[in-house]
Each structure stands twice: as C-alpha cells, then as structure tokens.
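In the two assemblies presented below, chain A is common to both, partnered first by chain B and then by chain C.
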Partner chain A sequence: MTAVASTEAELVRRPLGGRLRLSSTWLGAAPFLVYAGAFLLLPTVLVAVGAFSGTHGPTFSNLAQLSQPYIVSAFVNSLVLSAVSASIGAVVGAVLAYAVATGSPDGIMRRLVTALCGVLSQFGGVTLAFAFIATIGTEGFIVIWLRQHGIDFYPNGVWLFSLTGLTLIYTYFQIPLMVIVFMPALDGVRPQWREATETLGGATWHYWRHVAGPLLLPAFLGAWLLLFANAFSAYATAAALLDIGGVIVPLQISRALSSEVGLDQANLAAALALGMVVVVAVITVGYSWLQRRSARWLPR
Partner chain B sequence: MNRTAARGTRLALGMGAMAVIAACGSTSSSGASWSTATSASANGGMSALVSAAKAEGQLNVIALPLNWANYGTIIKDFEAKYGIKVNQANPQGSSQDEVNAVKSEAGTSNAPDVLDIGMAVAWANTSLFAPYKVAEWSDIPADQKDAGGLWYQDYGGYMSIGYDSSKYTVTSVSDLLTSAFKSAVALNGDPTEANAALNGVMMASLANGGTLSNIGPGVSFFKQLNADGNFVPVTATAATIDNGTTPVVFDWDYLNSASVVNLPSWKVFVPSDAVLGGYYAQAITKTAPHPAAARLWEEYLYSATGQNLWLQGGARPVEMSAMQANGTLNQTYAAALPAVSGDPVTLDESQAAAAASYLASNWSAAVGS
Partner chain C sequence: MNRRRRRRLAAFKTAVYVVLGLFFLLPIAAMVEFATRGVGISSPRTVSAFTSIGSDPELVDAITASLELAVITSVGMLALLLPTMIWIRLRMPRMVRPVELICLTPLTIPAIVLVVGFAPIYRWIEINVSDSILTLAFAYLILVLPYCYRALDAGLSAVDIRTLSEAARSLGAGWGTVMWRIVVPNMSSAVSNACLLCVAVVLGEFTVANLLNFENLQVAISILGTGNASVSIALAVLSLVFVFVFLLVLSFLARSLSRRRGAARA
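Moving on, here comes the complex of A and B:
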C-alpha cells in the first residue's frame, strides 16, 4: 500500500523537461565527482596497480607475500581490534543513546551529550594516545597516585602498550560515534508503536522482541559496521602508542613504505592497502544493504 | 634521519624558493655548473663555491632532528656563517623517507639537496646521488667512503644502553632480563624499520652468543624480554625518556648522551662484550635545487668546525683520527665521549641485509602482542 502511494507521489512530482534538469543536476554534482575521483577513485586505482607491479613488470608476488605469517597475524589483529572495539562501542553507545533519546528532546542533557559526543568522536591520533599515556601510562598520574597509596595499577604487567590498550583507547571515540549515528534511528521509533503493543496486551519484552528490536537491528548493525571500518582504518593513534612490532596492518604499511634497513617494499604496501580496501568494500556493501533495510521502516 | 616514530606532517618548504632556482645558472664564476661539480677546486675554488651558494641563499635538508648529533647547533652556525637559510623537512623521518622525498619531489624547489642516511639506504640508492669530494677527502678513511664520491660516512658511534641511574643500574645486557626492569626497556624504533633499532637488536645478539651474521639470539632476547613484561613497545624519544615511559633505551651512544641535558641522572653504558659501531653517510642529490649550497654544506660539515660540532654532540666524526694527528680535534669534546672497552665491530652490507631479512619474518612474531 505504501509502496504504491509513494510511486504515485513521485510520478506527480516529476518535473517536465527532464533532460534539462538532468544536465543541471550533473553540473551541480561535478565538484563532488571531481573530488571523489581525485581523492577516492584515483588512489584506489593506484593502490590496485601498485599491488600487481614489481620491478620486472606485472606480478602476483606482492599478493603472495600477504600469506606470510606476520602479515596474516597483522590482519587478524586488525580485524579483532576493530570487531571488539566496535562491539563495545556499539553496545555502550546504543544504551547511552537510548537513555538520551528517551529523555526530553530539548533537554540540557541531550544537548550536552550530543555536543560532547560530536567532539569526542573525532578525538583521536597522537593527542588521544598521549592523553592515555599521561593518565594510565607507566608514569601516568593515576598510576603514580595509586602507587603512592600502595596499589599497583598493573599487577599483571603493563597492557596499555598492547592490543588490549589499543582497544580501550579506540572505544574512547567509538562510543560517542555510536551515540551520534544511532540517535536518529532511536528518534525514528514512535511512542505510538509501544502504545499499540501495550493496547494489544504486549509486555515490554514483546515490544522489544517483536517491534523495536527488529526495527532497530539493521540500524544497529549498520552502525556497528561503520564503527568497525572506523577502527580498521585508524593509524595515528596506534602509531603513537605502539609502533614497534607492526601489530596491525596500517603499521605494517608504514613499515613497508619507510623502512631504512632495506625492507622498503612500496608494492607490498600497496598489496596490504588493497587487502584493506577489500575488507572495507565488503563492509560498505553490507552497510548500504542494512541502510536500505532500516530506511524501509525508519524514514527520516 | 632514523627516527620513524612521529611521521609528522611534512613542513611546508621553499617559500619564495622559485626566485632562487632562477638564480642558480648564472652564479658560477668559472662558468661551469655547480650541479655537476665533483669538487670545489675543479670548479673555481672555495670562494667561487661560497659566492654561488650565497646567491642561491637556501639549502633543503631533511630528517635532521635538532637534538641528533648536535644538528641544532650545526644548522644555526651554518646559517650564521654563510647567510644561507636552511629549510628543514620532516625532522623525524627515516632514511627511506629521505630517499622517497628525493624521488617524489625531484624537479621541485622543495627537493632535498643533501641527505644524511643509514648505510643500507645509501648502498641501495647510489643512482640518486651526485659524486662530490670535499677538500678533506683524504682524511676520510678509505673503507668509509665510496671511491667515486657518491657517498661518504660522516659520523658514528657505538650501540649503547641509556638508563635512568636514579632507578636502575645496568652492567650487562642480560641484567635487563631481571624483574627489576619491568616495563622499562625500549628501542629507538622498530628494527624492521629503523637502522638504530636494528643495531640495538644486533647488540643484544652479540651479547647473547650471536654474530654479525646471526641476529637470531637478539630476537630471542627481545622475545624473552617481551614475555617477561620488561619490553616497552614504544619508540624511545626525548619525550618518553623525560616522562619516564622508557627509562632504559637501546640507542647509539651519541643519541643516548643527548638525554642527559633534561635528565641529569641519565647514564650511557656500552657493553664490552658487544661493542657494535655504526656510521651514517652524507650524499648530495643529483636533483638538488641548490647545488652550490649543497656542496658548501658538505665542505662545512667535513671542515674541522663541522667535525668538532658533531663531536660536541657525542658523535665520533669520520675524520677523527686524522684530526687527532693534525691537532684540530677538540680535546674537551673528545674526552667527554662515553668510555668504550672491547673490540668494536660493524655490520657490512651483506650482514645488514641478512639481519633485516631475518627480522622481517621473525620480529613481529617475537614482540607482537
């Protein structure tokens, strides 16, 4: 029923002289297309070409190198780091977003949280790594303060400079990002649906299980994928925190580009980057599919 | 030139350098171009070089941290002496970053004029260098320069362990495996990436039964260090040493020595069972936008003034023994060098390559978390 209605509406709204409209639309989109071409498509093509190039023409040897154990483990580490930090960020962020969304829409709390999340979701890189080193690093002020009170902050060894520490630091920007991207979906949930459930004799569990849960799941998973990609591509924070050992793929790429001990392999870097592009491409496809599913029920 | 930690934004260079390029061709009094000159004497002499360099007015250097082997003072002194502005790019870059910049910026006014690079990178990129022999060429030992003048070693030192003596005492490499060194021991970079770090692992290898051809015991040492929780996988910098994150650091002695300025309790120890030397090298790029200034910079660095400034920074200049003989060596600076006993060894080209390839496949697994 809705589908028919919307088609009719589109037919009615479609302007006359479609060809003229088309050309002006393209003109308007030109800056975007040029931008996307120069900064997204061209680099991707260069990476792809580089991944298949060697000193003696085209080759598969760069891609073959990706099967080396240390590179495989870097990819595994990257995937685990991204998945874990995205999961923590998604769950905690969703709960926080729900708490805020169910509050007063114009309340001070909501404005404060969204403003704060907007800033913190972009807080990363060297500054964020430094903030953690200064607070819970081996000579961080919390560690020193606890030490003065006879408490060892790291009884089982320092985990800040490891994947565990990196996961903790990533959740610092993942949670606010989740709040920002998940809030619109929560706002789309109408109180009437809950009232309808209750009118029909459903309890809170029924509402979540049969109404809100299925509605919000695509949006939740979509946001999770966005968080995953966000962590997967992050470089500066990791480089500032633990740049020894090439723990994750972006650090391996950096090594392949700037090694001064004779291990510089620009084409291997391209192959590593291509591997990351493939992972992100899969995520992008999944994200747009989930977007379409959630858009069906939560029009904005 | 060796730090790989802060891959910071490259400094914007060459404001107004266009005009300088235009001036290049007309400055040489002998009529010959300085971009192909292989010595000052063959191209009109030192005074012609100085006036040509002054006319260019600028010099592009890259990857020279100011606290590295006294470069801060050296650059300031050179600028004051000749009135040439030294443009510094990417001070924390690696030697490979230097070479990458030579390739990617060739033909622009921002391209590096001179390089200070690790030997592995020097050997691999001689096609980018312009041959040049400074006036003191004969004072550089024969095995420390390319016979054709493509590269020439500049300064060096020994791999050392720097430590905060208010917290620790280090008398041998194996001390570091004890529980007193929890979360204390760091390298200057990743050894698959940074030359100083590779030599740090090699020193650990030599102290643990390895040889210059076998870095394996060094990797095992760091694997144990990591398993014990003593290894800090953070690149040691002046900042991490100051704030105590890396209280024990494997690095060249002249770099470790520099930390005393901010941390008076900092001490430098060169283990007598693993005296590993290493030199960096200078080279002029073929595509130097300021060819005369580049050559003047080398003449300055290899003069007694330049050599003594490196020595002041705790590095051993390549002409040290010749200067000791002719009396130009600054004895105060020389006496301040860390004590070294034992037989010094140095990696050659094939040993360095073998160590790097062993690290490529084994290092991440040894210390990756």
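Moving on, here comes the complex of A and C:
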C-alpha cells in the first residue's frame, strides 16, 4: 500500500520537478529573450501593424499610398542607386581582391589592404559625405586646384549633391566591402585548375571563360546582392548630402516620420518601411541560394 | 607562370593599387586640408577649427553623450549577451541556433526600418521613463547585436567551455564563478573585440539618433555642417582618427594578450 502510494507520489512529483528544472534553465536565457522581444520583435511588429492601420481601424490605404508617383520614383531611385553602386563596387572590388589574392598570402600588401578595407567598409554616414564635399564640393580641394589651373571640374553643373554624386560616394564603402566578401572565394580558387587548363591547351581566356568564371560567378552574384542590400538600406550619407528630401526611400521614411501632421504620416512611414523589408527579404533569399551554390566548389 | 605574364600581372597590380589608393586617400586628405584652411584665400593654415571644438558647449555635450552611450552599450551588451551565450551553450544547446538567428536579424532589417518601430516605443519611454539621450542605449544594444554575437561566438568556439565548466562545477564553483572567472578570462580577446565593435558602431551612429531627435556626435557634426563646415569637418576627422587609433590599440592589446597566453601555455 505504502509502496503504491510512494510510486504514485513519485509519478506526480516527477513531471512537476522536471518542469521546475526546465523553467530554471529557461530563466537563464530569459533576460535576453525578453529584451529581444521588446526592442527587436516589438518594433518589427509595430512596423507591420502600422502599415495596415489607419485612424479608423485596419486599412490598405497606407499601402495604396505607395503607388503615388513621388513614392514610386523614390523606390525607382533607390533601386537604381543600389544597383549601379553595387555593380561598380562589385567589379572594382573584385579586381582589387584579385590583385591582393595573387600576391603573397602573408605579404604586407595583403595585410594592409584587408585592414584598410575592414575600416573603410564601415566608413559611411555623415563623415563620408563631408569627406566628398571637402574633395569635390564647390569649394573642394580638387575643384579649387583644377580651377587654379584653368579647368572647370563641373562644366555641366554641380552633380555631387544629386543621385550621381551619391552613387560615387557609395562606391567608397562598396569597394572595400566587396574585397572582404569576395576574398574567401578567390582564395578557394586553386592554381592546379589553371595548370590543368594549360595542360589541356587552354589560354588565359579559356581559363576565365570556362573554369574560373563559372566557379566564381555564384560567389560574385552573392556578393553583389549583399552590396545591393547595403546601399539600399543606407541613410546617413544621403541625409547629410542631399538638401532636397525624399529622393530615395530612406529619405521618404525620415520625412514621413518627422512630419508633424500626425498618425497618418507615421503609418505611411510604416508602409514604406514594409516595402523596404520586402525588397531586402527577396535579396536575402537570393543571397542564401547563391551561397549554397558557391559552397559546392569553393570551400570556406 | 611565364615571365611575360608575371610582368603583366605586376604592372596590373601596381596600376590597381595606385588608382584605388588615390581614390581612397584623397577624400581623407581633402578633409584634413579643408579643416585647416584659413579664412581668406591666401591666409595661412590654421588649426582654429580643431581648437574651437572644445569651446562649443553643444558640441561638447554631444561628444560626451556619444562616449557615455558607447560605454553603456558595451557594458550592457556584455551583461546581456555574454551570459546568455554561455548559458545556452552549456544548458540548452537546442537554443543556440534560434539565439544566433535573433542576433543576426538586425543585419537584415535596415536601421531606418527599425527606427519606424522604435518611434512609438521611444514616445512611451520619453513619457514614462526618461527623455535623456542615454535611453538611446536600448536601441544601440540591438544594433550592435550581430557584430558582438559574431565576435563572442568566435571566442566561445575556440574554448572548450563544456569541459571547463564541468571541471569548475565539480570543484564547487557556482554558475557566476564559471562565467566570469573561468570562461571570460579564456576568451578575453573576443570580449575586447566585441567591445571595440560596440564603440565603433555607437560613435558612428546617425540614423536612429537623428530620427528620434537626439543629438549625438554624428547628428551634431551634421547640424554643424550646414553652418560651420570647417569645424564640422575637423570634428569628423577627429572622430575618424579616434576610432582608427582605438581599433589599432585594441587589436594590438588583443594580440599581445593572446601571445602572452600562448607563451604561458607553451
């Protein structure tokens, strides 16, 4: 009788004790999870909810606002800016990475370039905008120097404070980022592959067209997408450089967010933010697919 | 590789280094040139733009706030992230992947999007907690998560924390002792790396502060830029140099630390 009772008691106690132990384990991770919930999950949810809410309950009118011409053109500008700066950054960055990768792996040049690229790829924002204003602004170093030699740097008007100027400035951090991202792929290319091509009678062109090119292409495109997303989300440089607001999507968001008109504008900001998230999500999916493709050949 | 191709490669590399070296160094040199310019065209070089930084109380406030934020964010990150990362590795390995996912999310959500979500939260904080600029640390803690996670993860995977913690626990150490006196000293370079990334991110942050109407270092530089360009560029140069020297010193410290430990182990 007592034996039965004690087994019963054990049966009752065991799951309870198990649950208690479980909760004490969870307690250790709780502060982090609560914090991430409050300052990462909650803002994201607020954006998603805000995009669909109006002054009189749920609505699609915020998303409908996105089809207004000035917002469409902001999205187009953002996409073009990101695509062009990513393309220039990817090509020039790949060339620089190739120059570094063909050098000695422990050489001073390689260490210097990698260290500099690490710093410069994070060198964005206000400081970068001012650096270019000091260089090729209307009173910039190069502009003044050329003027003293009778050359006009801006024969067709100043383009620094426009999308063209922004594209040029973006390449300043896109190229170093490309070097960092693309270097591992170049390191994965084995010299034996080139030797094999030559043994089979292939010239340099054949090697790049049929061996190295196809192998590096997924890594290159993946890096391009990363650069694209990087330019697409950048805000500070544009905010410091452009006087006219709303040229690209982040500037539209900031205009809607700081307007005093009220809730409607806040919800429009949320809808714009949601639009950005959709674009970035598509890029992320493409990126992870390309990563898996390139991992087949190039070990990382 | 034959000689012709090697020579061509060398020429190609020199050209790339020279052209890109100019592209990257010119803007920085131009900033220094601009900040030291005299008032008139032919007036001599001056450092007055640098010296006048200290006499602007608004600027000093912004610089102090950014430095305080850098410290608070670093300490907060260590207090929040490090124990969690160690804990889940020891006690709930199934949570390692989800926590990694959470930590890397801020990389995929643009800061400008997060700000839209932060805005209502900060309105609430402003009314119910405080309207101090230091509350920005809450947002910055999220922004630095991915960088710090990677730095700490690299350190943690280099140490066999399971064996270390089991040894310590069997000798009677509590969880606090295991974390702060066993695991952390074994990954000091990863911890200092994470802190350094924190400082670099916080000192360079503009988006969140600007849109939540706080005046930190970068916002002050930007506001100043419209009025007094040479002072704001001087400040930009200084902040850049500061971060660069800071990174250099910390990486040097980390290397000498790990070397000393390597020597001790050998």
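In this section, the second predicted complex is superposed on the first by the 251 of 300 C-alpha atoms of A that agree within 3 Å, B and C clash if a C-alpha of one lies under 4 Å from a C-alpha of the other, contacts with A are read in each partner's own complex, and residues count from 1 in each chain.
The rule is short, and it goes like this: a residue touches a chain if its C-beta (ideal position, glycine included) is under 8 Å from a C-beta of that chain, and two chains touch if they have at least 3 such contacts.
Since we're looking at a predicted model, the values are computed, not measured.
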| item | value |
| --- | --- |
| Three-chain arrangement built on chain A, chain B and chain C clash or fit | clash |
| Chain B versus chain C as contact partner of A:V76, first or second or both or neither | neither |
| Which of chain B and chain C A:I133 touches, first, second, both or neither | both |
| Touching partner for A:S259 - first (chain B), second (chain C), both, neither | first |
| Which of chain B and chain C A:Y35 touches, first, second, both or neither | second |
| Contacts of A:S162 with chain B and chain C, given as first, second, both or neither | first |
| Touching partner for A:Y154 - first (chain B), second (chain C), both, neither | first |
| Chain B versus chain C as contact partner of A:V282, first or second or both or neither | neither |
| Which of chain B and chain C A:A203 touches, first, second, both or neither | neither |
| Chain B versus chain C as contact partner of A:L217, first or second or both or neither | neither |
| Which partner reaches more residues of chain A (counting touched residues only), chain B or chain C | C |
| Listed stretches 26-34, 44-52 or 98-106 of chain B, narrowed to the one that overlaps chain C | 98-106 |
| Set intersection of chain A contacts, chain C complex versus chain B complex | 126, 133-134, 139, 239-240, 254, 257-258 |
| List of chain B residues in touch with chain A within their complex | 1-2, 4-7, 93-97, 100, 117-118, 120-121, 124, 182-183, 187, 189-195, 197-198, 229, 232-235, 243-245, 352-353, 355-357, 359-361, 363-365, 367-369 |
| Chain C-facing residues of chain A, complex | 25-26, 28-29, 31-32, 35-36, 38-40, 42-47, 50, 92, 95-96, 99, 102-103, 109, 116, 119-120, 122-128, 130-135, 139-142, 172, 175-176, 204, 229, 232-233, 235-236, 239-240, 250, 253-254, 257-258, 266, 269-270, 272-273, 276-277, 280-281, 284 |
| Touching residues (chain side chain A, partner chain B) in the complex | 68-70, 73-74, 77, 126, 133-134, 137-139, 154, 157-158, 161-164, 239-247, 252, 254-255, 257-264 |
| Parts of chain C lying in touch with chain A, wherever the complex brings them together | 5, 9, 12-13, 16-17, 20, 23-24, 26-31, 33-35, 80-81, 83-84, 87-88, 91-92, 95, 99, 102, 105-106, 108-121, 138-139, 141-142, 145, 175, 200, 204, 206-207, 210-211, 213, 218, 221-222, 225, 229, 232-233, 236, 239-240, 244, 247 |
